[in-house]
Every structure is written in C-alpha cells, then in structure tokens.
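Both of the next two complexes hold chain A, though its partner changes from chain B to chain C.
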Partner chain A sequence: MVDIIRTQEGEYEVIKIIGEVDASSSIELDNAISEAVSGGGKKFLVDCTSLDYISSAGLGVFMSYIEEFKKQDIHLILFGLNKKVANVFEILGLDQLLNIEENKEEAQAKLG
Partner chain B sequence: MISSKAIIRLTSLISIISWVAMVFTELSIVFSDKNNLDSGFGNEIPKVALSVFILSLFVFFKYRIEKAESVNFVDLLWKVFVTGLITTIVSLIFRLFLTLLGNTKLSENVLFLEFIYLINLGLIASFLISTFIVWKRLILYQKSKFLLTVWQIFEYALLISLLAAVLPIPGLVEMEKFYMAFLILLGIFLSANMKWVAYLNFKQKWKSILLILLAMFYLGYFVFTVFSLSEDLSRISPQFLSFTSNTFLVSLICFIFIYSLFSLLVILFNLPTSSVFEQKLEEVVNFQRLSQSIQTEQSEERVYEILLESATSTVFADATWIEIFNSNGPSKFYTHKISVNEIQNIKSHINSHKVSGILEPSSDRSRNLNKYLSTLRSSRFRSILAFPIYVKNEQVGTLALLKDVSDGFNKEMSKIIDTFTNQAGISIENFRLLSEALENERYKEELKIAKRVQSSLLPKVLDHGVDYDLIAFSEAADEVGGDYYDTFRINKNKIALIISDVSGKGTSAAFHMSQMKGIFHSFAQLDLPPKEFLVRANTALSRCLDKASFITTSYFVIDSESKRVEFTRAGHCPTLYYDSETKKASYFQNKGLGLGIIRNEEFGNYIQTNCFGYKKNDIIVLYTDGITEAKDEKGEEFGYDRLKEFIEKVRDKDILSIQEDLISELYEFTGSKAIDDDYTTLIIKFT
Partner chain C sequence: MKYCYKVPCQKEMLREIRSFVKDVLDKHGLSEEDISTLVLAIDEVCANLIIHTHKCNASDSIELEIKFKKNKEVIFSIIDKAEMFNINQYEEPTLDEIIKRRRKGGVGLILVKRIMDDIQITTDQKKHICRLSKKI
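Let's look at the complex of A and B:
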C-alpha cells in the first residue's frame, strides 16, 4: 500500500513516497524510480516524510540503483526519514552509500 | 396409493363394463318398448351407465395424458390426432358396413341402428375427453393461480352437469339451457390462453395447424354422425333416449371446437412473426453458449470462435472476422467467408479515408462504416459494422461484420452484437482469472517444497565450546523466508557462528540461503578473520545474487582459550550483549554493510571488526528483524528497547528458559499465532 507522487520542481524532480513499502509495493517504487531515471533527469529528491515503513525488499530497490546512479552521474537525495525508517537504512549500511538529509532545505542545498 | 398404471387399467376396465352395460340396458329398453314388454330396467339406467363411462374415461385419459412427462406441444397435438384417427376409422368401418347392407332389413332394424349409434357415442366421448385433457395442458401452460382456479371451476361445473343428467332434480331441466350457456362462456374465457403458441418454431406451427385442422375435422364428422343417427332413431323409436341434449357432451363439443378454432387462428397469425421469435431465441442460446463456453472449453480461441459463429448467425452477416491484436507480432485472425488479404484491403481502405482507430486498437466505439466501404470498388461488401473487444478495460481485438447490401445493419443488431462482444470479453477475463488461480495453486505447491528445503538447511546440532551454552530457535512465517544460522568448529577452541537474513521471500530466498550455507562452510574452515570472511562472502555472492537482493549477516568467532569474541556485521541487526558486571544490556554499534549491496572490492571499506572479552554469565543475543519488527494489534513494533529490557529481566535464567520466555513474550505481544516474518534467535550464555 504505497502511493508515489512525482512532481517536477525547477531543475529537479521530487519523488514522494506515501505509506508502506513492502515486498509487493516495492515493485511500484522500482517502477517509479526507473521511469524517473529513464526520463533523463539527473537530480532527484526523494521525499520520505510520509514513508511509514520500508521492508528489505524496499531497501533492495534503492540498493539496486546505487551503481547506476554513480555511472550516470545521477544525484538522488532522500530526506525526511522518520526515526524507524532511518534506523533501517543505517543498520543495513545504506546510509553510507545514499545521500540522506534531515529535511528538504538541506537536501536542496546539497543538490546545489 | 394405487399406482397410476393400476388406475389406468382399472378405469379402462370400468369404462368398458359401463359402456357394455349402457348398450345392454339401452338396447333392451328399446327392444322391450318395441315389443311392448317390460324390460325391467328403469329409463335412467343407461344414463347412469353413460355418466360412469364418461367419468372413467376422464380419469383414464387424465392419467394417460396429463401425467406424461413430455411437454412437447406437437406431441400432445399428435396424441389428439391419433385418438381422433383411431376413433374415426372404427366409426367409418361401421358406416361402411351399414352402407354395404344397403336397404336390407337389418339396416332398418332399430336395434342395429341403436347399436351403431351407441358405438359412435362411445367413440366421440373418448375423443372428446382425450382432447379435453390435452387442451387442459395447453391452456394451463405457464398458469397463474387465477387461471388454475377458473379451470377448476370449469371442471367442477362440467362434473355437476354430468351428475345433473343422472339425478332427478326437479326444475333442473329449465335451467339446463342457461347452465350450458354458462359453461360455453367459461370455455371461451379459458380459450384465450395460448401462451404455448409462442414457443413453437416455424415448422412446429405448420404441423400444429395441420393437426388441429384434422382434429376439427374428426369433431365435425362425429357430431354429424351422432346427430344424424340420433335423429333417425328418434323418428323410428319414440322410446329412444337421445343423448344429444346431454349438457356435458354438448358443452364439451363447443369448448373443444372453440379452442381449436382459436388456436388455429392464433397460430396462423403468428406464422409470419415466428422467425423473429426464433431469432430472439437463438440470440439467447448464443449468449448462453458464450457465457458457458469458459466452463467447458479450455481455451480463449474457442471463445472467439463461438463469438464469430454467434455474431454471424444472429445478424445474417455475409462475412465476419475477428482480429486479435498481438503486441509482439502480427494479429491473429478468425474469419468467416473472407480471406485475410481482403481484410487487409478493407482495413487500409478505411484507414486511408481517415476513419482512424475503428479497426485498430484503442477505438472506443462501434461505428457503421458503410459510406466508406461503398467507395471501395473491388470489395464485394457494402455494409460493415465493427466492434472493439475489451478484456479488463483493455482492447484486445475487433469484431467486424460485413454484408453485401448497403445499410445491412440496424440498431437492434448493433445492440445485440455489442452484448455479445461484452460477454465474450467477460468470458475471456474469467478464463484468465481461472488460469491465474491454477497458477497460484502451483506456486503454493512450490512454496511448500521450498519451505521443506529451507528447514532442512538449518543445523540439527550446534557446535559449542566448553565455557558457554548455545541455543537457537527459528520459526518460519507462512511464506518461505530466508533466515539462516549455523556453527562451525574451526579447531579445539574456536567456533565460528553465523546468523543471516536473506532479503525477499519465497523460493529465491530459500535458494540464496542455501548459497549462504555453502559459503559459510567453505570459508569458515579457512579460519579467516571475520572481516576477511565477509569480504570473500561478498565477492562470492556478488556473482549469484540478483540485482535487488542482498543478505545481512553477523559472523562471530568465539575463542574459548583467550575468552574473546571477534565479530563483524554485514547490515545485520545489531548484536545485543548483556554485561554481567555492569548488569546492563546494550547493542554493539559497529559499522557494516549488507552483503551484495556493493559488488566490488570497496565493500571492505564499510566493514568494521568488533572484539570483546567475555566473562561468566555474559549473554549474547543474535536475532533477525522478524523479532524486532514483530507488531502488536496497534501496529507498534516489538523494537530494540523491549528486547533489551527483556534480557535484563531474565539474565539469571538458563538459556532454555530465556528462549522459551522470549518466544512466549513475543506471541503475547503480537497477540496472534500467525507471524509476518521469520522469528530466529540464537542465544549464547557464558559459564
């Protein structure tokens, strides 16, 4: 049960994830990111303020793009993770590989 | 109860006896009258015998015809025809006999004439009553309660008239005319029920007309014969008892004649419209075939074929085709009296006239394309009607109907075909759902196997050192998960210990878990430092894990000689450690990264080795995220803090009790036996 809303804000695109990302809904997340990336944009903000839960399958989606982002010079920054979700990213070690910021302003600043 | 067979036999016997009785008494009355003798029989006896005769015939035919299973109307009319034929032939034989006799003395004999009259009377009575029972079935076809009541009144009224002829009730004779009129009116009223006619097809209607005409002919013949005979007789013998004034018989004759006439006219007037009824009926049948096709036919192709046949026959199309689009190749065609080449010609012609989309995917309306077709010189068709076929709101194809006359299709036809295509779409959808359900069933079966494989991968016995106890517990959720733990004795003092959680569920998770087991047993025996173990495991897994899969692991080496534990964490849940000196539990916060997340040599940069010395009564709890993420009814997670508090509470117990308490605490917390994710714990207590 997840809703993904994509909006273009200036030179970057905001991908807002609402709800829970589990094994089945991770496919939607994967589709959304893959569509966004194939659109040719290089700068993305992932709004996680309404993300309540993410399972290992959801983390797998982010993980699977790390190589591709690096190769294509794509900047993707996550922000607004609640404590529980942030903890899940940290335990797996993904916080070391993904750009994760407190809030939107910091994320925007990071994007430049 | 007497069986209906016995009733039929009994009534036929009674009817024969009563008829013989009637003949005997009547003849003796006439004979004695002629010879001025006393016959010894009352005049009413033949009447009574006739009534008994009629009554038993009535019951006889009631059981013969009314109880018969068949509701085929033509069969019923056929019965009338056959009864009429037999009775008429018998009657004709006697007439022939009479004619052959000519003007002999016998032909003038009143007794002989009387005998023939009585035979004819018996015959007409059986014909009338059998016909009456058939008419009853026809009239009461699709009966209402009201109709049934009226009919019962009619039957009882007839019975009363039968009794009235026998019983000497004074004043009844004057009433007889009115009573008869009442019966006839009732008969006319009942004759208005002709619902059965609508269910005859064209051929059956013709047959029915013929049969009814013949029945009317028999009726006319009998009436003529009986009346003329009785007239002759009454001239010769004054004592002769005429039955022509019998209310029952006359009313019955009138009723049967009226109903025959009505039916004949109704069928005749219905003849021209019967083709419409038949067509409607065929539509219903076709519709049913379409909707049932999915239960009997096990392929989508068959549904399209039925749609093609039904549509063609319903609108009398000269040619029909169904095109099913295929995203990966050319469309598939189902055709009726048209070649694919011709179809392509028509399609390209219509497209060239900028009527976009009608025969292509994504058209949403059916349209009449007649005016475009008329400009296609080479085509033999002048009308075309096209419909999209939708399955789950997605157009899968088109149905096109063609006729060689212009304006060949009307609104009615277009409506019917529209329902046909809709129904076909629903059938296809059902068919697909059914296949999916079967697929699911197969998938469940596979999961069962995977689950067996997975549980066989977990060790039955755990190795452990001299100065600690070790216990493990694992319970899989309904779906196959990928929790794994194992131990390996490196040497006398060193034990390697692992706990892993494979991302995802199902068969792929079980496969990755078996890969992890292979890696653990290969590398653990090399006595590698924990960090080196993870780096090598990552390299090995990078080649076999799919893109979005990873494995979290904690790898421990416990050395009983130096009393030290060295471990690394690859994205796995932080290890809980209870320190018996400070009496506090805490989580190790070392850096780590899941196996398979980075698939190159950089991986080692994200791994940090931890090392600590242990003492008596220290406890290590290893677990998978199924434990910390177990939710209660409100959706709150069991969490790290609860686990920590729990271990501080049970610190003094032995490991078996600790494990049992933890499991019961978890189930108490979630409040249900069904678990979302695998529960796995590995508890070590140093001694």
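Let's look at the complex of A and C:
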C-alpha cells in the first residue's frame, strides 16, 4: 500500500511517498514520476520520510529513469530515507548512482 | 521450532508474507537490520514466484517455512508445486546494463544472493523447494 502526494513548491516539485513500495504498488510510484516529468519540470525532490519499505520493484522504478533524466537534464533528489530503506539502496550500491541526501534542506541546496 | 505459512499467489499477499516473516524473526531476537534484510529477501523470492511463475493466479499457492537451527542458523523454505528457476544459475546483469536498458526489473535476485549465505533448489515428491539459509 502506497500513497503518493505531489506538491509544487516554487520551481521544483516534491513527490512524497507514504507507505510501502513493493511489487504490487511500484506501478503507482512509476506512474507518479512519469506524470510529474511529463509536465515539463526539471527539478524534483522525492520525500522518503514516510517511506516504510522498498523492494527491488521500487528500486527498479528509480533505476529505469536514470538514463532519461541524464539526457533531458532532469534533476531528481531523494531525501529522508530511514536506515532500513537506505540499507536496501546500499546493498546494491545504488546510493552511488542516485542522488540521495539526508534531509530536505540538503536536497534543496543540491537542487540549486 | 518451525513456522509455516501458505499463501495464494496474489501480489497483494506480499505484505502479509512480510508481516509473517517479521513476526517470526522478532520472536527470535534478531537485530532490526537483520530482520529487515531477511524480510526483503523472502519478499523478493515470493514476488518472483507469484508474478513470474504463477502469473498472479489466486487459485495457486506457495508455502513458506521458517526453521531455526541450534547452530544459530535460520532456514527459509519456499515450497511450490511448479518448477522453480534456479537462482544459483542466474547470471547477474550489471547495474550499468540495467540502467542503460531502462529495465525496471532485474535486481531482486541480486539482492537475495547478497543477503543470504546459501541458496539451494531441490525437488522432493513433486514439490520444488527453494531453501535459503542465513547465520544469525
């Protein structure tokens, strides 16, 4: 079960993930990112402070956008991952390939 | 001690499977970090079977058994009537390959192999068993 809330905050959009992203709910995350990007925005923050769990299906969603975002100069930064969720990214080394920051302030600063 | 759980092959049951595994591991005093990674590994194997092998057919089911050995080892057995893909023969794609192909899948089994100490696939009286073990 996952809820996704999209909020425009000035020049960037915040995508807040609430709940668990697994094989049954990852499609909702995928749809939300896809819709957000189709609006033409270039700067996104993904608020993971209420993300309780992520499996490979959720990781796969983020990985599938890396190339497209590079080509289109889209910046997406995740922040607020709890220890268990962060560990899942680290097991694969994805923390080195995605932009992940500790908190919203640091994510905003990185977004520029 | 052995714990068993039989579930229909529906994606929505993954949450129940995670809850079952977490509850069992909690009873045995594992660290939060160990619990979360083991729950993840079992979720990945079950998701693979439910989605790819059984195409989310709710009339099919899989069984999960959790056993604790005296030598401080926990063994998860996932039992299925359908033949199983042998994780040990899975050729891991690199993360670069997955990213370049914009694939959404492909990392679940990599996670399982990194988390577990040993994975065995056996066949026993028309049942196929994926046995995953971890020293605790």
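Following the convention adopted for this analysis, the second predicted complex is superposed on the first by the 112 of 112 C-alpha atoms of A that agree within 3 Å, B and C clash if a C-alpha of one lies under 4 Å from a C-alpha of the other, contacts with A are read in each partner's own complex, and residues count from 1 in each chain.
As a working rule, a residue touches a chain if its C-beta (ideal position, glycine included) is under 8 Å from a C-beta of that chain, and two chains touch if they have at least 3 such contacts.
This structure is a prediction, so every number in the text was calculated from the model and none was measured.
Of the two partner chains, both chain B and chain C are touched by A:Lys84.
Touch criterion not met for A:Ile74: it reaches neither chain B nor chain C. When the two complexes are overlaid on their common chain A, residue A:Ala57 makes contact with chain B and with chain C alike.
With both structures placed on the common chain, the touch criterion links A:Asp30 to chain B and to chain C. With both structures placed on the common chain, the touch criterion links A:Met1 to chain C but leaves chain B unconnected.
Comparing chain B with chain C, more residues of chain A are touched by C. When both complexes are overlaid on chain A, the residue A:Ile18 reaches neither chain B nor chain C. 23, 26, 30, 56-57, 59-61, 63-64, 66-67, 84, 91-94, 97 are the residues of chain A that lie in the contact sets of both chain B and chain C, per the superposition on chain A. Per the touch definition, chain B reaches chain A in the complex via residues 501, 503-505, 547-550, 552, 570-574, 591-594, 597-599, 606, 625, 637. Considering their complex, residues 1, 20, 22-24, 26, 30, 53, 55-57, 59-61, 63-68, 83-84, 87-88, 91-94, 97 of chain A touch chain C. Looking at the complex, you find that chain C touches chain A at residues 11-12, 14-15, 18, 32-33, 36-37, 40, 43-44, 47, 50-51, 95, 98-100, 102-108, 110-111, 114-115. Listed in rising order, the residues of chain A touching chain B in the complex are 23, 26, 30, 56-57, 59-61, 63-64, 66-67, 84, 91-94, 96-97.
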